[in-house]
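In the two complexes that follow, chain A is the common piece, with chain B as its partner first and chain C second.
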Partner chain A sequence: MSKKNVLVVCGTSVATSTVVKEALKEQLPERGVDVGTIAKGKATEAQSKVSSGDFDLIVTTTSLSEDRFDVPIIQTTAFMTGIGEDEVLDEIAAALSE
Partner chain B sequence: MSVLLPIIIFVIAKLFRVDTGKAARSSVLIGVGFIGINLVIGLFAENISPLAQRMVDVSGITLPAVDVGWPAGAAIAFGIAEIGVWMIPLFVGLNLFLFAIGFTYTLDVDIWNYWHFAFIGGLVYMSTNNWVYSVGVGLVLGVFVLVAADWTQPAVEETFDTPGISIPHGLSAPFAVAAIPIHWAVDKTPLGDMEADPDAIQDRLGLLGEPIFLGLVIGLVIGIAAYSNALFVAENWYTILGAGVAFAAVMHILPMMVGILMEGLNPLSQSIRDYMTSRFEGRDMAIGLDSAILIGHESVIASSLLIVPIAIVMSVILPGNEVLWGVDLATFPFMFALMVPIMNGNVVKMVVTGTILLIPTHYIATAAAPLLTRAAGSAGFDLGGRSLITAPLGDAGTPATGLLALIPAPVGLVIGFVTAIGIWAALRTWPKRMYMVAGASEEKAEETVQRRHTGKGGGLLPNKIGGPVETTGAEIQSDD
Partner chain C sequence: MRTESITLAGGSDEDVLTRLGEYAIDRGYAEEGYVDALLEREANHPTGLDVPTKGFGIAIPHADPDFVTEAAALVGLAPPGEVIEFTSMDDPDQTVEVEVVILLLVNETEGYTTFLSNLAKLFQADEFATLVRRRDGDGLLGLVVDRCIEGDA
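Showing the complex of A and B:
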């Protein structure tokens, strides 16, 4: 299985996306995902980042118009609220293992 | 600051039982973040400030207060030794108390955004040198933000599909609350009937949403204005293009550096979250998060793109304005986030309301610039001498800064406190009507009222003031 690249999107690419990135960096390897780069991006620049990068999945804390992207999108606030973190991690790991 | 702050953070982290190794790593990271931010601000001062000065000499456009944006605003806020991160334990305590007595339904676990309270407290400290008063003003903004979060929660939940989440945000909330009366007036004009397609706007202006492109354009504009009397000298174009790339660099790198600060705060933030939420298991609560989670909405993005050129033009034509737009041109999504439910995502109304709000914003940010500049010095940032900085959206130009930090003590605090308590009382007296004013549908408002404002609440304070909940709809008659 090749390394998987993830783009984490939020409003600023500073605050909530950092929380998600840290969680993914720590937890995904434990779920057997070979993680490549985890990049952060603002919602307004997500589209161009995706078109110029090689991402396997977008994890976003904010809603994105799905028809603008050809990469699967998982939207979650679980990493900030602490509610349902494990389920989302499983979902992300599953999406990356396909 | 790169030495003192890590020590303070370490102490606070240990207070909230963060593991020592993690606390140490976080503390150092925060110091690293500060050094990084200082480097970028230095780059900015070195490349842009001389050009801004030349622009004044050559074109007569006097905009001395350079916009360093919310990322610098946040770093300065946390960097003021006397107030800064001390706001974290203070506000956690206040929020727990207010939740316990039933004043608020929100637990604001978004420690990062306590910087807004530190920012306003820091500005006030710069002008009053009175610690108690400054902290008081910071906490009053905190109370207001909690009230606003409860007020907007049903509308946010409905519009953005974020169950159980509220948005206690120090930038978005004051703008949204101020937008309510303005929108009411705008809606009465023919503008209220206009519509714009957010998707088409995004297709055409999408590039304006990219910080590096925005930086390039604004850098070029400043460069050209500075050399408008000597545009036929090839050498000057080297400087002009250089200014474009330098500004793009600031826009791109500054948030990354602030991201390091955020990474450093992360373990503390998680510890505090668990500390707060575990205390009230089983009680009806809304988890307070950053409005960053609302910003992907198409209307937010479209409005933020449209208002960029409007803001630049306004800054030049508004008499007495001193704000030279920069980094905060990328911050408009935060101004618009909570307006989506109020205006039904109508881009025209959002942009018109936003434009009207930008008038006071320019003047508040102008008036707050000397205070912010002093605060930056106090937080240890090197601005390279005489430059004046501001952050028109985050937070030097918000209505909250205008009310709380610029009106002399103690009037500012009193007005802020009365406003917060007034909205709170209105929420408890006419909850259904208030939720609808913030943009909730009648069904959603009714549902929230049934859940929250009938029967006894979890705390000491009443969930409902006065008579029984007003009913305008028919559906609740099935109760009898």
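Showing the complex of A and C:
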């Protein structure tokens, strides 16, 4: 299985994407995902970043206005609120295992 | 990183953001233009978060780092018995009844990774919820410094 690259998106690429990135870095290897790059981006940059083909999945804390991306999108605030954190980690791991 | 607590006069989310943003400029944490950037950011990508297990809402507004001159976290509390309605980060059609607003002023994220991760964990802590309910600004500041900043220098 090749390394999986994730783009973490929030409004300004400053706060919540940082929280999500750290959580993924820590938790995905525990779920057997071979993590490559976890990059952060602003919502407005998501489309152009993903079109590079470098990413396998988008995890976003904010709703993205464009609804068409070439890779799966998972929207969650679980890493801030703690609600459903394990479930969303399972979901992310599953999406990356496909 | 500077931390301060502020008692808010209530009102709309825009009123509160304007108050906090102007305060940040007055204190030298941000440059002119910050308030507009903050309002625009919140309108495009709202930051209200419901913490259902604790029964309160929190908002973590922040603008692009360009206007930030010194890193700070300003903890604003709604007046006792009041809430401030913010739009939900999850769903722009939903509002969150916010009791505590934490304005994040960071000029680059790399140095604040641990701070931000610890802060997110704090939202889920019982002590944090208790202090929010009591509107104990000094207590909240102490908790933020203790759990998020100390040892992360």
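Operating definition for what follows: the second predicted complex is superposed on the first by the 94 of 98 C-alpha atoms of A that agree within 3 Å, B and C clash if a C-alpha of one lies under 4 Å from a C-alpha of the other, contacts with A are read in each partner's own complex, and residues count from 1 in each chain.
Note that a residue touches a chain if its C-beta (ideal position, glycine included) is under 8 Å from a C-beta of that chain, and two chains touch if they have at least 3 such contacts.
Here the structure is a predicted model, which means the values were calculated and not measured.
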item	value
Superposed partners chain B and chain C on chain A - clash or fit	clash
Touched partner set for A:Thr37, first chain B, second chain C, both or neither	neither
First (chain B), second (chain C), both or neither touched by A:Gly11	both
First (chain B), second (chain C), both or neither touched by A:Ser97	neither
Which superposed partner A:Thr61 touches (first chain B, second chain C, both, neither)	both
Which superposed partner A:Ser51 touches (first chain B, second chain C, both, neither)	neither
First, second, both or neither for A:Gly82, with chain B first and chain C second	both
Broader residue contact with chain A after superposition on the shared chain, chain B or chain C	B
Clash-bearing segment of chain B relative to chain C, given 55-63, 307-315 or 397-405	397-405
Touching both chain B and chain C, residues of chain A	10-16, 18-19, 22, 40, 43, 61-63, 77, 80-83
List of chain A residues in touch with chain C within their complex	10-16, 18-19, 21-23, 40, 43, 61-63, 75, 77, 79-83
Residue ranges of chain A touching chain B (in the complex, touch as defined)	9-19, 22, 40, 42-48, 60-65, 77, 80-83
Contacting residues of chain B [partner chain A, same complex]	71, 109-110, 112-113, 160-162, 164-165, 199, 206, 209-211, 255, 258-259, 262-263, 266, 269-270, 273-274, 277, 287, 289-298, 301, 304-305, 330, 333-334, 337
Residues of chain C touching chain A in the complex	41, 44-47, 49-53, 60, 62-65, 89-92, 104, 106, 109, 112-114, 116-117, 119-121, 123-124
